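One structure below.
For reference, chains read A, B and C in written order, and residue numbers begin at 1 within each chain.
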C-alpha cells in the first residue's frame, strides 16, 4: 500500500492518462477528474501541516525506490517532504486547485477543453515531481516534464501561429538553460559521487572543498579548486534556474508565453513553474552557501532582473504582458533574496506572490473574457461593470505593491530588509539601491494598469459582464489569502517562527525579522505613494501627458519599450551568427559527409563491383581455376 | 605382408582413375570409376575400416554408378561428340602446383598422429554405429535433412515444365 | 612397412588426377566424375588418418570413419542434384559441353 504522498504525486498523472485514454469524449467528466486529482492532493498535503509546524526543520516523509541503474550508479525516484517542499506543495496544489476551478469557467465551450485539463493534470504531476524530488536526476526529469507541459499549454491554441511560435520560443530558451543545468548536475554527481540532496550535503565537507576536485593531467596539470568547483557547478545549475524562472538573460520566453490560455499563465507562468527555480535554489542552498562568488552572482542577477523587468513593464500595453514582466520582476526579488541568504524570505515571497499574482492573472483573464482584447488602451471604466473582479484585482495589486498590512508588504519588506543590510559580497549599488527603485516602479506600472483598465472613461467595445461564479469565486479566495497571509504571523509569533524555520535550509544564516513598526510602514508607504501617485497623476488625473514624458525621456523610453533590445540582440545573433554557422555546417555536410563519405562509398562499391564483375566471365573452367587458386592460397597460408 | 596389397590396390586405384579421366566414352568412364572406387574399398579394408569399405561399394557401385549410367543413356551423346581429355599446359601446371602444395602439407603432419605406427582400432560396424548414433547424432540428423532437401531439389528440377 | 605418408601421397595423387579431370574434361558428366574422384581421395585420407591417429585417453574414436560416412552421404546427395541439373541443361540447351554454357556471368 503506497502511502499518502505518492497519491499526491501520481493522482494527477493518472488523471491525465485517463483523460487521454478515453475520458476526453466527455469534457465534464474530464474536468471533474482533473479537479478531483489536484484537490485530493491538496487535502493530503494539508494533513501534514500540523506535523510540519511541530517538527520544524525535520523531514516529515521520505521514501524512494530504485528506478534505474548501471553498475555502481543508481538512479532513485523519491518522495521527500520537509518544510520547504510542504510549503511548495501547498502552493502548487492549493493555487493549482483554485485555478482548475477557474479554468472550468474560463474554458467552457472551448472544443479542446478535455485536452486542456489533461495538460493541466500532466503539469501538476510534473511540478509535484520537482517538489518531491530527493535527488538531482529526478529534478531534471521533472524539470523537462514541466518544460513539455508548459510547451503544450502555451501552444494550446495550436491553430494560432503566434502561440506555436511562443511555445517553441519557451521550449528552446529553456533548452539553453537546461544544457547548463545538465552539465552542472553531471559535474556535481561526478565530484560528490551522488545526486541525492542529503548525500551531497554530507559529501561537502570542508576537507572535500579544500582539495582539488577535477584533476587533469597529473600533478602539474590543470585542476579545479573546491571553491572554483562550487561556483562553477552552482553557476551551471543556476542556468537551469535562469531558464525556468525566466531570469535575465533567459527571460525572453516568459512574456511571449502569455499566448497560452490565461489560467495557464496564472498557474504555470506566475504561481508555480517559474517559482520552481527559486525552489531549486533553496533546495541547493547548501551548495551555494559556502561560495560567496555563487551567492553574489545569484543576488546580482536577481536584482538586475527585478529592475530590468520593472522598467519594461512601465511601457507595455498588453495586460497580460504587464503582469508577465511584473512576474519576472518579482522572481528577480526572490532569486536575489536567496542570493542574500534569505531563503525563508524568498519562499515567503514565492507563496504570497503565488496568491496575488495568480489572482491578478485570473482577474486579467476575466477582463479579457469580458472585453475580448488584451490591450489596456481599449479598456477603461470597467470598475462599474465588473465590481467583484475589480475589487479582487485592486486588493491583489495593493498586495503586490506592498501596501502595509497586505501579504506583499510582509514578504517584500522581508526582502528589502535583507537588501538594506547586505552581506559584504553583495554590498553594491545593484543590491542596496535598485530593489527600492524597483518597488517604486512596481507601484507605478501596476497603478498605471489599474487606472487604464478600471477607471476613466469606457473605451471598450461590446457589452462586458461580470465573470461567472466559477471564475470569480477563486478570485475571492485568492484575494483573501493575499490579504490574510502575513497577519497570522503578526498575531502569532510562533507561527511565523515555525514558518521561517521550516523554510530555512539547514545551515542558512539566521533570518532578519520584519517588525511591524512605524519606520517600516512609513518606508513601505513612501514607496507605494511615490509609484502609485505618479501613475495617478499621469494616467488618472492626466495632469501630465504620458506622451510628453515619452518624448522627454527619449532614448530611455525607447530602450524600455523595446525591452532593452534583448530580443533584437538574440534575433541578430540567430540571423547573423547562428545562420552563418549553420550554413557552414551545411556546406560541410554537403561536401564532406554527402559528397565524399556517402556518395564516395557508394561510388567505391560500384567501381569495385565493376572491377570484380570482369572476372565473372561465365566460363565454368575459369571458375574452377579461380576456385583452385583460392584453395591453394589457403593451403599455402596455413603451411 | 600388407605392402603388396597396398601396391596392388593403390596401383589399381591410380590406374582406373587415369582411365576414368582419359577414355572418350562416358560409359567406359563410369565403369572405370567404379573399379577405382572398388580399389579404394580394398584400401579401406587394409586400414581396418570394414564398414566404410562396405558402404563405399554399396553406395558408389550400387547407387551412384547406376545414376551416372542412367543419365548418360538419357543424354545419349552422338559418337562425334565424344572426346577425351584435352591437355592444357596451364591446367597441368596448376594441378602440379597444387600437388606440390599437398606434398608440403603431408611433410608436416602435426602431433595428433603417429605417422609410422598404426593404432589397433578396428572399424567394426558395431563400434562405428554406436559412435555415429550417440556422439554424432545431431550431424547425422542434419545429413538426413540434407538428403531430404536433395530429394526435393531433384524432383523439382527434373519435373518437365510446360515450356521446356 | 606401410606408413601414413603412403596413403596420403596416394590420396593426393588421385585427388590431383580428379582435379585434372574437372579442369580439362568438357563433358559435364565427366566433370562430375572428377569431383567424385576427388571426394573419394579425400575419404581415403580421412580413413588413413583415423588409422594412424594417436589414442586419446587410450581410446581411438572412429571420427575419421564417421566423417567418411557423412562425406559419402553428402556426395550422394550432390551427385543426384548435379546430375539432374545436367539433364535439365541438356534438355534446355541440347548440350553437355561446359564450354558451351556461359550463362553464369553477371
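Here is the rule we go by: contacts are C-beta pairs under 8 Å (C-beta built on N, C-alpha and C of every residue); 3 or more make two chains touch, one makes a residue touch a chain.
Here the structure is a predicted model, which is why all the values come from computation and not from measurement.
When each chain is reduced to the average of its Cα atoms, A sits farthest from subunit B. Set side by side, B-C and A-B show the greater C-beta contact count at B-C. Computed from the mean C-alpha positions, the centre of subunit A lies at a distance of 80 Å from the centre of subunit C. Measuring from the averaged C-alpha position of subunit B to that of subunit C gives a distance of 5 Å. Centre-to-centre, using mean CA coordinates, subunit A is 84 Å away from subunit B. Each of residues 625, 628 in subunit A touches at least two other chains. Across the assembly, subunit B contributes 91, 94, 98, 102 as residues in contact with two or more other chains.
Subunit C has residues 19, 23 in contact with two or more other chains.
Every residue of subunit B that touches subunit C in the complex is listed here, in rising order: 2-3, 6, 10, 13-14, 17-18, 20-21, 26, 29-30, 33, 36-37, 40, 43-44, 46-49, 51-52, 55-56, 59-60, 63-64, 67-68, 71-72, 74-75, 77, 81, 83, 85-88, 91-92, 94-95, 98-99, 102-103, 106, 109, 111-121, 123, 127-128, 131-132, 135-136, 139-140, 143, 146-147, 149-151, 153-154, 157-158, 160, 164. By the touch rule above, subunit A contacts subunit C in their complex via residues 613, 616-621, 623-625, 628. By the touch criterion stated above, subunit C contacts subunit A in their complex at residues 19, 22-23, 31, 98-99, 101-106.
Interface residues of subunit B, counted against subunit A in their complex, comprise 91, 94, 97-98, 101-102, 104-105, 108.
The residues of subunit A lying in touch with subunit B in their complex are 625, 628-629, 631-632, 635-636, 639.
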